Amino acid sequence: MDYLLETRNITKRFGGLTAVDKVSVGVGAGEALALLGDNGAGKSTLIKLVSGVHQPDEGEIWMSGERVRIESPMDALAAGIETIYQDLALAENLDVGANIFLGRERMRRRLGVLKVLDDQGMRDEAQKVLDRLDIHIPSLKKTIRTLSGGQRQAVAISRSIYWDAKVLIMDEPTAALGVAEQKKVLNLVRTLKDQGIGIILISHQMYDVFEVADRLAVMRRGVLVGERVVKDTDPDEVVGLIVGSETVGKER
Amino acid sequence: MSDTRPKASAAEGRGVMSYLRSRWILVFLVLEFLFFCFRSEGFANLSALQMLLYYGVLVFLLSVAELFVIITGGIDLSLGYILGFASIVSIKIIQALVAAGLDPALAVLAGVVATLAVGILPGLVNGWLVAYLNVPPFIATFAMLGVCHGISELIINGVYAMGLPKLAADIGSGHLAYLVPGGVLSFFRKPVVERGVAVAEIVPNIVVATAVVVAIFAFVLARTRFGRHVYAIGGNMDAALRAGIPVKRRLLGVYALASFLASLGGVVYAFMYVSGKADAGASLVMDSIAAVVIGGASMFGGSGTMGRTMVGALVIAVLDMGLRMSGTPTFDKYILVGVILILAVIMERYVKERE
Amino acid sequence: MSGEDAPKGARVRRDASFLDSGAGRFLAANWALCFLGLMLVVFSLTGRGFLSINNFQNVVHLQTVPFLLAAAETFVIITGGIDLSVGFVMGLASVGAAKLIQTFLAGGVGVDAAIVLAVVIVLAASFLPGVVSGVVITKFKVPPFIATLGMWGIANGLALKISQGYPMAGLPDELPAIGNGYLLYVLPGQLLSFFGKPAGFPDSRIRELVRLVPYSLPFVVAALAALAFALRRGRFGRHTYAIGGSMDAAVRAGIDVDAHLVKVYALSSFLSGLAGIFNVFQTGIGNYTTFNAQYEFFAVAAVVIGGASLMGGKGRIWGSAVGVLVLAFLENGLALSGVQPFYRYIAVGVLLVVAVVIDKLFPDAR
């Protein structure tokens, strides 16, 4: 299939350690790819390569059929690659609108000359995108400190959507959430897929993977050890790939 | 997503108390003010109030500066000595210009501009150390404090920095308007009257200037992108970085801004006292940090507003003046500020938890 | 992110170089000591009278108070906190002790008894400011910076009230005699006497006497050694490091963090009180602390130069002692070399920044 975002033989070394070793993987529009692997497998580093935090030592990144150079987080954002980190990267002391527009604040002119923060405008836009994703947050004026984990996750996702993410990378999105909120986030992921966005999902929750992911890719010690279509596989096989099938004997 | 609707009305019924509680610092200020009104005669008249603001000007300026720095989660210990440095530099420059034959008014203007320009430098160094070398703000600004102190002493070389053209002294102790009873209102120039006629002085010049400066920076903090970024950096520096906010540049800007304000304070000091001292601002730093904290800002960054900080600064200014007027030596001030400071933080936590 | 990242401490850009060699590592780990050594050498050449027993003893003697304050600060900084009140608690103790002695003497108590009583009372009372700070910090969750800033003000105010803004004189001469006494008085090649100048020795020839080992030296060394031992080997010290390293982990390991922090701040104010008492012995007067003295800042600077991190978890008593010496000899050497005192401020500032930068470059070096 034609990938929206793809890495080709991408490699990253730190000193003597090869964290990512010639990994070629891709995600298509409207598809969710789950990225799996044990701690130290290289998932985080791969993500950071794609989102501009690290630069690859070898290999290439391609977007929509063209090679791109991503040399900083801003480049990644400009290319439409948005990342939602585990800690959500939200400012607790600001409200929903301010967070969605963090770094790209809207201004308006007062008295023709003065450029002033357009807080109300930002809130209105925030409300629109929240509505589009069917998320309910009672008061947009309060700081996000008052929101639940699931709501914050929703705000982080809304931020990416507002900025027209083409590819959304989510790192352990349901990790700190209760059951009901996990379901809501997974629904959000489905909504995003329907809107044609490509999603890369890092998750240890096998349930999440089998619920929303279309394909999965497993890394071990920096190497891509297997790709599967989710409906053609099962959790046991996946676990086997993650830990190395010598440990999990299973007839296939 | 589930709504987080506040539990019905048990909380709503206590509207007034909750309103007062969240604005407790204002309540405290009013009570404090009333207290001193009773303690000493003449506390509540116009001229006493103006004196209050007049002497409080330096604390106000430094509080604005510290607020910006503290919101980013940092602290600036060097502002007092930057103020001293600026007070000395301004006098030296103006004196030199006058001696070179420049018209006093021009000399004063040029001197002020030059001092402010030079006064940004310490802040730039502070910002560079904090943002680019990752030196903890406490250490960086403490080091700068010493450096400014050293340079100040170096410049005066044992001779007091004193003496400014009359114009500067007039601005420093002058008022915006004067009212001669009987109706004549004159601006900027004190009217010459016969002996025994009391001229009402309205609003000292430097108070006006400070009010304007405070208003400008309040605007910057609350309504500009720069201000928003300052809050973001204090709230979650990682988030700010990843959102593409130029964190290092902003930090540089914040410390430079603080340094600028401290230098402005130094110029004001020079105009007020017609002299410059290296340690002119030494105790002001602690007062301004106290003002910011009493005003509700968190030492960890991310919160604090100009209005509340000014209230905090007023608390200290009133305390100062009140103690002075009621005859208690200012030793008590330190004790009281210390106690108020601790109580303020405790109150803030209490109020926050109730929300 | 997901628990993975570049391996901790991976030095991406530096290749093997001098800095990784044995000598390089030693230099990084002990740069303050090496710098001190370098200074001693340089100043011996440029300073008049620098390299002399008198000078060295003098410097060390005058640093007694900074040593104690730096030691106090070390404990606090290791827990990740800070104590801004040390300078003023010291002043309070100094003034308080003086006042007590004056009162006792006026009340007819004998000189020796008055001194002993005053010392005991002040020492006991010295725990108080720290206990208060500690409780405010732990129970009321006030950040240490603010809590000790408040205590700074309170102690200062109290000290000023007691002293009314003047140094308190009128104290018995025994005090400076003990405070400035030396163990050994030697007339080279001829006389030797302990604890005082030889009986009947003419004042006119005083300058020929060589004084060795001020009382303050064994006192300070003993104090530092005891503290260092408690820090490195005692459970108290172990818990202090643990809290600084990770408060969460300390709590989960069952350490009563709140109680321990109160003890740490109490220790800090006790040492400040001790320093204040010593100050009275040294100067013979009760001194309140002026703003300019900035004792607390220099104490913190010494601790940082000595290798502690303001984040907590790192620091050593002897390291802080080296920090104090570095600052002291810097001033002393520059002064004796004819450099104007203001450069000292600049030098200290630069030194501090260097200390922090080195610490960042070599985080595991100590």
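Think of it as A, B and C in the order they're written, each chain with its own count starting at 1.
The criterion applied here is as follows: a contact is a pair of C-beta atoms (placed from the backbone, for glycine too) under 8 Å apart; a residue touches a chain by one contact, two chains touch by 3 or more.
Small disclaimer: the values here were computed from a predicted structure and weren't measured.
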Ordered by label, the neighbours common to subunit A and subunit C are B
So the chain most remote from subunit C by C-alpha centre is A
Check: interface with higher C-beta contact count, B-C vs A-B, is B-C
Chain centres from averaged Cα atoms put subunit A and subunit C apart, in whole Å, by 52
The distance between the C-alpha centres of subunit B and subunit C, rounded to whole Å, is 33
Per the C-alpha centroid definition, the whole-Å distance linking subunit A and subunit B comes out as 45
Contacts with two or more other chains occur in subunit A at residues 85
Residues of subunit B that touch at least two other chains are none
The answer for subunit B against subunit C in the complex is residues 75, 77, 129, 133-136, 138-140, 142-147, 149-154, 279, 282-283, 286, 289-290, 293, 299-300, 329, 331-339, 341-342, 345-346, 349
Subunit A partner, complex, touching residues on subunit B are 1-5, 222-225, 227-229, 231-232, 234-236, 238-245, 302-303
Touching subunit B in the complex, subunit A uses residues 73-74, 77, 83, 85, 87-94, 98-99, 102-105, 107, 115-117, 135-138, 146-148, 150-151, 154, 180-181, 184
So, in the complex, the side of subunit C touching subunit B is made of residues 82, 136, 140-143, 145-147, 149-154, 156-158, 160-161, 164-165, 291-292, 297, 300-301, 304, 310, 340-346, 348-350, 352-353, 355-357, 360
